[in-house]
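What follows is chain A paired twice: with chain B in the first complex and chain C in the second.
Showing the complex of A and B:
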């Protein structure tokens, strides 16, 4: 297990380095002098020359790349062009909001998905099963930004006062208000995850119910309900962990959009706003942070999968499965 | 179909062909009809998708490109303007139809580009499965798959600005940038499916027969294996057309994709978001419902295809 952990950890580090490298070279694709990007459009030629030197733009590309990675390792993300604050503090200030929304969305939608997946698998090809299946296709297909706009319309215009249609209050200042503001964004964020996990669990439940050990339990006279819940579910849940990993990608795109539509001050909105304000140090910092979060979550999901799945766990314990 | 027999010495090759070919077209045709009729949902999906393609291709020829500002501002839906008009007095039905053409272009472009890169990778990796060629190609694919592509795509579009970009000697338009970003995201999925299917095909007798007959490897891979690998790849392709249409709309909604005045379903909704609380509900509701129906249709088709090809899974 330790070997597996170390392997996965190194792999995650390499992927983060690849993402950071991609970001470094994409900045070179930006139109104009990077010094101008840092200083804003109104900067004087002298200031740009000075900044170019300060940023090391007069050095070789390789040397610049080296110092970019060096700063990254030291945790130095630079300062905002607009406000002059450190990018780190801006990102960290926004992070709890995004993390709260994402965790609530994953937890609630996964829990509900397990119930729905079980219900669908319990009566295969029944009306209930068909309804749940159609529901998941529709839930995956509805664009999240459109659903968010409909919610704004519904609760901002047609049903004023029922739920706050936009804005945010922190949990520490007003816990109940915080949760009220979280309801709509969490629904929009969680819906695709709900659909994907429901479908995966349904299929894996149907497959598990075909296994001999379940048939054996049935032949011993155990009730269907008990067979599903105590026998099949623990095994059927395992494949869904990998799907939750995939859904993280969707969730990240979701937070950017949800924060934008509902005016929530999270990292996703920081990222999009900083592009619009041409505040590139902040854009780079926020992007690196989101990329980092994505890679960390995938690492955790991988480890969780290996931990939950005894077959993989034992293989690693015996030192097998080389090269994975 | 490339003429395999032309490079082969005798009638044996025709024998191999004859075993596999008779009635191929008719068989594929019958299969296609069976898939369309797979169940009621798949039929609805095909209907929606056919309508979408028809509207996207023919619609703008009749209605125009939706940039004309020739009506009243924010008119609610009526006979003259079934979707109402926007804040600049443009007909929203016309704009939505013009936007659906962009959606179709982005879907075909990004999925096509993704397939163009992924199929050779997946086919070659699968054909040489287990060798260093396979390891190298799939290692590359896996790294791309593990990258946070949405974030990187967002960053690329954000940092290079909303217009076109000059990359070395090549000018890349804003639309093309979006297409490339989505194609990069789709590529690893296509490559993996193509590889898995090729690994199966490799075991088949016809591949061995052709190999024994001395048919060049590239001809076996691209002439004979490729057509048999296509069905599972097409399932992925349909699902990714839905994802591509969503992704373009989302990027344009965030102001990072295709820019106004060119209408796309994403930037119409982006414009609409400023008028949410003025009572102009049609501005966001109708173009968004149109977009949702397009995506539902493609997802139902993808679902039906994967169902018909793999009845055991029924996801």
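Showing the complex of A and C:
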């Protein structure tokens, strides 16, 4: 098991390094000189050159990349071009908001999806199954920005006072207000995950219900509900965890739009703002955070996978042929 | 485990005297409604099962034997229409019971041993927890752990009792089937035990052990058994009475002695005839010249990298084949026999070049094909027919595509003549041009195997490696495919390496037989010698483990105990000694036996010269 964890961990590190490289070059290859933006249109060429030098922008791209990596390893993401604050503190300050939204959305939508997937699979091709399936198609087809805008309209204009249509309060200052503010963004964020996981689990359940161990359980006189819960579900959940891991990636990128529409001060909005302002260090820092979160989630999924599937665990624990 | 004793035969006599009927079925029909006409899976099936009786239901795939059982247990899918004049369990009418009432009978009074033990327990739940759920004895939700341990001990898994915390994949197929048998027959003891091909996926020695265990439990508990199987050997060794089914109908019902002595229905007679055939007579032009053999394998060893070890450098190797030498004259057949994991399929892979041996040479027509520079053209003289035609042909492509593709790879046939050549190839294997446009998914297993043979012939090979070519086919289809291969051999002068676990097939088709055990050749020689006068205790044990399709020869049925050891940690000295009935501690544990001449064969046993008397002294009956 330790061996498995170490392997996955090393793999995660490599992916993170690759992501950091890709992010650095993509941001740096974008047109426009941040020094000019910083100083305004009327700035003299000398001033721009001086600012560029100060920011290190006049060095070769490779040299900049080298110092970026070096700083990254030391945990130094640089300072904001605009405000001069440390990028670290900017990201850390915003991170809890995004993490809260993401985790709530993933946890609630996955839990609900497992219930819905089970309900659909229990009565295949029934009205209930059909309703759930159609519902998932609708949920997956709704663009998140549209739904977010509709929510803002609905609760801001037509039903004022029911739920806060925008803004944010921190959990520590007002726990209930915090959760109230979280409801709408969490629904918008979680909906695609809910749909994808429901469909995956349904198919996975139908497949496992055909397996020999379910048939044998049935021949022992166990009831269908018992067979679904104790025999089919623990097996059907395994492929579903992989899908949840991937869906979380989608969901994190969704926070960019959701935070913007609901005016929530999270990392997603930080990213949008910093790109608009060509505040490269902040843009890179915020994007790195998203990449990091995605990698962490998938590492957790890998660990969960081994936890749920004893054969994987065994293969690595023994380093040998299982059961040979 | 105790071998099967004579009380099996005694019980047969008891069963013929009228014992009370525990199960009776009258005019059972099972129909699947389909667009364009319903499909009748079972028609007018009528039979009775007496108390303590073992009833065999024999038939091929699709004959309705499993459907009949599932209809009784109400385990069929909902779309199946089940109708019967009567289905009675004792004095209860099964047709009148609600689904819930019938469910409560399952696992208590009607119990089932499944076909595939390896997949019949959930892979993600610990054994103990699963047994608790599957245990249906009255009195409490979960059976206490000591009781579950006792249950396992009863079926010969004593030292494994502490392994209730293990997962199913940590057990072998044979162990899992024992566990399932324990559950099905003891937790609680049912009135009727249904066994659905309980040994179809197991090796022959393990099959023998499982059959012996079943007979032993049945004798002890007085269970009524319904044994569903396609294997007449299994029926002959375990059943009192037999029902033969074909296309959903019962074609013959008889006592087991009567059935084998005087089969009345032509289908039954054909099945029996297919099983017990004399060695094939081949129209070979000249017997091979041993000086210029078609295939000469010298000192070949193969190994796999041990999973989970480092890729380069220190990667540990698991030996799969060790120091195998074989010589096959042109036009002859060598049968390669052994249990799964003995290395026979690995050797086949090495022969066709799918795997490079770590040592040794493979000479095909005087050319060393293990050298890296040997091209595809030179290898095409040797073709492989694999076990499962269902997966070796692309289901979404036509037969014409499969054959023309093979011809294109070979490159000898111009593009515009390939279609014509494909037609000829099909005719060679007993199919006609109308099959060209069909998809692989539309053909039966036998037809697919014919196509696979035709595809191999497209390369104009002189040697075929046949890796259990009939293992996934029914008995009657097996016989037809065997006939076809024998005929092709005579007509085209082919040389065969025929891998099989069926002794009957080996006896029928081969001049030479090599028996493998744990990667090594245990015995090798002329087939009639090896299979009739074995010079190695493993060969003798293998023969005794085989359920012979003859109910009068139950006494010679002595399945070999134990299981094949892991190649990761093979026994010292002679690899077979851990299961050998005549092993002696010192010599066998320390000294690796060389393959040496014994009579007309070669044997890798220290006691090769007097295997038979030693076996007799150890209580193993002589081979007939």
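Miscellaneous remarks
One rule holds for everything that comes next: the second predicted complex is superposed on the first by the 284 of 324 C-alpha atoms of A that agree within 3 Å, B and C clash if a C-alpha of one lies under 4 Å from a C-alpha of the other, contacts with A are read in each partner's own complex, and residues count from 1 in each chain.
The working rule: contacts are C-beta pairs under 8 Å (C-beta built on N, C-alpha and C of every residue); 3 or more make two chains touch, one makes a residue touch a chain.
The structure presented is a predicted model; accordingly, all values stated were derived computationally and were not measured.
With both complexes brought onto chain A, simultaneous placement of chain B and chain C is prevented by a clash.
Of the two partner chains placed by the overlay, neither chain B nor chain C lies in contact with A:62.
Judged by the touch definition given at the top, the superposed model places A:256 against chain B, while chain C stays out of reach.
In the superposed model, A:176 makes contact with neither chain B nor chain C. Looking at the shared chain after the overlay, A:309 reaches chain C, while chain B stays out of its contact range. Greater residue coverage of chain A by touch, when chain B is weighed against chain C, goes to B.
By the touch criterion defined above, A:22 lies against chain B but remains apart from chain C after alignment on the C-alpha atoms of chain A.
Within the three-chain overlay, chain C meets chain B in a clash at only one of the listed stretches 8-16, 26-34 or 404-412, and that stretch is 404-412. Taken together, the two structures place no residue of chain A in contact with chain B in one case and with chain C in the other. Within the complex formed with chain C, the chain A residues making contact are 3, 211-213, 215-223, 226, 230-231, 234-235, 238, 308-311, 314-316, 318-324. The touching residues of chain B, when paired with chain A in their complex, are 41, 143, 146-152, 154-156, 158-161, 165-167, 242, 246, 249-250, 253-256, 266, 269, 272-273, 276-277, 279, 281, 284-285, 288-289, 291-292, 295-296, 299-300, 303, 313-315.
The touching residues of chain C, when paired with chain A in their complex, are 73, 75, 103-108, 111-112, 114-116, 119-125, 133-134, 136, 167, 169-172, 180, 183, 306-309, 318, 566-568.
Chain contact summary for the complex, chain A toward chain B: residues 11, 14-15, 18-19, 22-23, 26-27, 29-31, 134, 137-138, 140-146, 149-150, 152-153, 156-157, 199-200, 202-203, 206, 249, 252-253, 256-257, 260-261, 271-272, 275-276, 280, 283-284, 287, 290-291, 294-295, 298.
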